[in-house]
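Some structures are shown below for you to check.
Okay, so chain A shows up in both of these, paired with chain B first and chain C after.
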Partner chain A sequence: MAERQSPLEPEFHVGSHGNFEHGVEILLTETRPGSIVQLAAWPGEEKKLIAAIRTVTGLALPDGAGGGSSDGVKSVFGFAPGKFTVADEAEGLAAAFAKAVTPAIGTVTDLSHGRTAIRIAGPKAEWVLAKFFAIDFALPAFPVGAGRSTAHHDVFAQIQRTGADQFDIYVFRSFARSFWKALCHASEEVGYEVQ
Partner chain B sequence: MSPRRTDTGGRIDRLKTIRFSFDGVAYTGHAGDTLASALLAKGVTLFGRSFKYHRPRGLLTAGVEEPNALVTVLKGEVREPNIPATMVEIHDGLVAISQNRFPSLAWDIHAVNQLGGKILSAGFYYKTFMGPVIGPLKGTRFWMFCEHFIRRAAGLGSAGSAKDPAHYERMNAFCDVLVVGSGPAGLMAAKAAADQGARVMLADLEPRFGGSTNWSNETIDGAPAADWARRTVTQLEGRDNVRLLPRTTVWGYYDNNTLAALERVSDHKEQPAKGEPRHRYWAIRARSVVLATGAFERPLVFPGNDRPGVMLAHAAERYANEFGVLPGERIALFTNNDSAYRAAIALKKAGAAIVAIADVRSELSPEMRKLATEAEAEIFAGHAVVATEGGKALSGVKVQRFDMVTGALTGDERSIHADCLLMSGGWSPTIHLASQAGAKAEWNAARQAFLPPKPAQQWIGAGAFTGSFSTAEAIAEGRAAGLAAAGGTSTPAALPTVEAVHGDPDPAPVFEIRAKGKSFVDFQHDVTAEDVRLAHREGFVSVEHLKRYTTLGMATDQGKSSNVPGLAIMAEALGKPIPEVGTTRFRPPFAPVSIGSLAAERFGDLKPERLTPMHDWHVANGATMYSAGLWYRPMIYGLSGETIEQAYVREAKATRESAGIVDVSTLGKIAVQGPDAAAFLDRVYTNMFSTLAVGKARYGLMLREDGFAFDDGTTWRLGEQDFLMTTTTANAGKVMQHLEYFLDVIWPDLKVHVTSVTDEWAGAAIGGPKARQILAACVTGTAVDNATLPFMGIVHGQIAGVPVMICRLSFSGEMAFEVYSGAGHGIHVWEALIEAGKPFGLVAYGLEALGTMRIEKGHVTGAEIDGRTTARDLHLDWMLSKKKPFIGSAMMDREGLIASDRLELVGLIALDNRPLNGGAHIVEALDETNPHGSIGHITACCYSPALGKHIALALVQAGKARHGTRAHVSDPLRNRFGPVEIVSNHFYDPEGTRMHG
Partner chain C sequence: MLITCPYCGPRDVIEFTYQGDGNRERPDPASQNFEAWNAYVYDRLNPAGDHNEIWQHSGGCRAHLRVVRNTLTHEISSVAFVRGDHASAARRKAEDKA
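Showing the complex of A and B:
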């Protein structure tokens, strides 16, 4: 099948940029997962959905709002009550969930094309993200694996922390290039590398 | 002018010379100087001209409260006016100019205004120019004539019109404890909170942390106070849980402990580093706040108190100790409190002669007498300064015996030769943020000051902010505040020991010396004591009215030094105590804020915009793009030399003759899923969806709850419990909110999930007589013939190897199909369709052609579903199901909504064969000189290639009944008048034979 086209392409310039003479403090990349799926449980069916997520992905979700988990290949996090975003490097996740999540449990919505996943990593990742989102990015407030729903200007975003200084941001595909440009611009002062 | 830099001392780097200019004259200073200190060091005493009278003005203060020395800073073509010279850090290449003067600061022709002093009193402009109510100018526009000259003569600096190329940023921050102010109290609070493990932010508007330690001669723990501050700052710098923000003014305190701050990131640099912003706007959410914002020293109000060379006492102390600059060689002091004596000692030590200390108090403490003796100053106890002498610089002062109880002046005046007069009228705690946070300040009779109110939000005060003016108190309160703010418990601990000059913190209750001459209360707005009394005489009793009438406390300094003296004078005039007169509530911002920092980065290249998967193809293939909300869509794909009309006519014609393709990815798409999805859609739409078969689509109409039309679109049933709803591009967000509202609030029992999938799908609509042949040429995995893919049918197949979903529906009126693919495959499918269409003459068309074809078909869009039209108005009443209730059904039959004279959708044909205009009125009888009698208006118009005529859709009163009649367009704004024929909105193929094939 034809390769999916990235919405970032004309603005995706691999290499070091901005104030990088003293080293880069930000790494930016597009993770391009094969699958991005949204799962939503009917009220009272959340635990069954969480169990289905574990069955399909092997990832165990911690209790509590915004909890999440990632094994580097698959990721899952809650972004609203009873609602989860799941991503996988491989395609076909929606079909797998369609079997595991029965209509009695909830719904499966394939967003593999509709969301663009951008990873920001590095010692200044929290600093740069603080320019965009009114979210407390400090590790105790936003632990590894956890997810948040937020917005920058008119761009809705879901953010999962996938490392101590690494975040994966899921934005609407149509806004992705605009958001990417803003992210690059905001990273200029600390020096960034696009990988 | 004589150089006044001391040989030693100060916190400047004397090894580093900085070159800058002021009013075109080249100067040098040192790293660490402000523009004020560097110019003062060079002997400059004249810094500006006053607002109204254009009186010469010098430095009054050394900080953010400076009312006089406002300058304009030039950076290339960009000018930033009204910056206090005291807050401008010099750097190589700095260019600053004075303002509100012509032709020069030294020789300002508007200084003639001083002669009209009595006339130019409070309310002068209102009284003079709101009329004239009598005389020959009555009823004329005399005020307008005068305004031009007044605006030139009065005011502050002028803003530039050049585009500001600087880069501004917004930052969000969260912390456990925000400490505002980095004097001894703030530093101790930050340290104590950090020691508790709290996340701490420490902000100070100055570049150097330490507050008063930078200029006091005190010692802490046996070392100069500044050294203690440096050590403490170094400790804080080394901690991961502390963020230090120098040059950061916390300017707003909002609900839920949200504070706004402005960081001046690179104003002090010749060039910002790559990517570095000029300013950062910080939105800080703090669990707790420590307010350690210190206090402002107040001027005394006496004749000539605004002459260059008259300065606040602590400001002079600061210039001497922090910047190594003496404000004068022969210095006199005038005070109502003990703090000025400390300044006298500091200036004496720095090398100045202290010629006199006039103190309104007749009884002085032995300690103060000792200090005065140490300063070798002649003491004038029970005296007041009654006049100052000199022109653009001070040459002397006159003192006279003063009774501070009665205010009476007695005895002979005595002249004292001095080139600098330092005054101190007591201290006002800087309670602005606490006031903004929501409570009323409380008057303290002992301190003669408004002290911070009881906290209405989660803040704790410390140091001079609370009225505790000694460093030892500041340290103790700072530590306690820091601990409490971090949630720790106060335990006895050895505090740093302070050696300081002790004085009585309470001033004598004297604000004004009433003698002959102009005594200024508000230096920045030229408000005199007499203006305040005039306002009282004219009936202004409320402090709020006083402020507005006299403008006291307005402008860039917001009355930081003038508010309390002004109130005191008003209170005396009213015969009331100050607390009864009250004070105005401080509002944000505490200090001026750059608009750029508030706008931050959502404009120009960084404006959020939405692009379809085929955007780059459109641009590469010559499309003229325009914005549709945040989306960018092709208007036309113009050929060389084509006008817009020629292009869209060509595109529409080609579509009707062979085939056309248009990007419809922007249509709102909402996945409606769940066991109750069909039932939900029956409630949302006016027509029935539960009867729709899987694999079929249906056109649907939504009403608002009030019965008016809301949005339309097709919804596709992809599975028993799985629908794909499409909405208009413009209303996608509104429809989503509408659906979520009903599911969350009205019908939470329904098991339905709605998810925006607009971005999941790329959409291409291909229409025209040859559309089916084109699809047949490139689609695999399914047939596209009439049996397999009937009107409103849906099939799944592949194009160029990627999955697609095809629905046969039409907006153009031609046989048409919408081809949906995953957005990441959108361009792949689009290019495959274009390639397949080449033998058939397929053209890509833009929104203009799309609009043209929909007008020809009489389809409605947002121009007609404008929030005021009903389904009946738009002839969509056939969609109003009678078998079920739906949103809006209860209200849609209200009398007014079914009236016979409502505006109804019609078609118009221009009978003069000239273009029509959107928004033009329709009238029954034309009267170009007196346009009237509108019966409706045009909502959309075009040249119709199918009809060869200029046509329009319009909303016209009882429109349907007028079919076949004539009317006129009346468009006086665009001077377009002419006859039209009213026809059905279905201009083209009303039977739909082309669409249904």
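Showing the complex of A and C:
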């Protein structure tokens, strides 16, 4: 397997940055999942696809638009009617889904090399993201595990809340470095650490 | 202007793309009825009031939506999926709407 290079590398500077004299309030990192897969069900086959997701990942999808869950290794969330994003630390998720999701149920698209996953965590994570996206990041409106699809200046982003103050953002690989730089600039005023 | 997507909830209009008048009916592609084609391409009601429109949530779930928008006030009085079989995905309750 070819070694995967991070698109963030020239701008990925480990350490504390910005106004961190009073403490670091944002942690930024790249989660580098081995697999990122997009699944779509044909009309009426959504339940079978959700069952297949459970079989392959062991994760049960909660009811509701944008519902999702994460066990820290694997993550899944709905981002559109009948469509789901699944990520796994290990490689080979697309092959596993290709067996479980038959052509009669839906489609499997391997995006492992097409998306970059950026994690933003810390007490000011909601506050920084609110500068980027016009959606409600409050915990009651955006529960842990849930996913949202939105855009920042036409850069499409899928956001999953993986903790009370932690979010994983999936952006196009080709836009990832620019998005990362913007995220760093936005975090400067509260102090951030890149890990 | 906010459009409450049945899947994503209330979102800024910047995330949506206008897909045209929702009252049009496309003639059969094999049709030779030029009047029907002319009406499909050019005739619009242009009402001062409620207007049926098709919008795509292109910066979100990418679903196509039937929107009723008041052309005088920009008030959105109804939003629904164009595809009826997506209705089950609209699991956000009415009280969640902004």
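Quick note on the criterion: the second predicted complex is superposed on the first by the 195 of 195 C-alpha atoms of A that agree within 3 Å, B and C clash if a C-alpha of one lies under 4 Å from a C-alpha of the other, contacts with A are read in each partner's own complex, and residues count from 1 in each chain.
Please note the rule applied: a residue touches a chain if its C-beta (ideal position, glycine included) is under 8 Å from a C-beta of that chain, and two chains touch if they have at least 3 such contacts.
Since this is a predicted model, take the numbers as computed values, not measurements.
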If touched residues of chain A are counted for chain B and for chain C, the larger one: B
Touching partner for A:81 - first (chain B), second (chain C), both, neither: second
Which superposed partner A:65 touches (first chain B, second chain C, both, neither): second
First, second, both or neither for A:16, with chain B first and chain C second: neither
Which superposed partner A:135 touches (first chain B, second chain C, both, neither): both
Which of chain B and chain C A:5 touches, first, second, both or neither: first
Which superposed partner A:115 touches (first chain B, second chain C, both, neither): first
Partner chain(s) touched by A:190 [first = chain B, second = chain C, both, neither]: first
Touching partner for A:31 - first (chain B), second (chain C), both, neither: neither
Which of chain B and chain C A:150 touches, first, second, both or neither: second
Residues of chain A at both interfaces, chain B in one complex, chain C in the other: 134-136, 141, 154
Chain C-facing residues of chain A, complex: 43-44, 46, 63-66, 79-83, 134-136, 141, 148-151, 154, 156
Interfacial residue positions of chain C with respect to chain A in the complex: 6-9, 11-12, 14-15, 59-63, 81, 83, 85-86, 88-92
List of chain B residues in touch with chain A within their complex: 169-174, 199, 273-277, 283, 285, 601-602, 605-613, 616, 630-631, 665, 671, 673-675, 721, 751, 753, 755-762, 800-802, 822-828
Interfacial residue positions of chain A with respect to chain B in the complex: 1-2, 4-7, 9-10, 18-19, 38, 40, 42, 103, 106-107, 109-115, 130-131, 133-136, 138, 141, 152-155, 172-175, 177-179, 181-182, 185-190
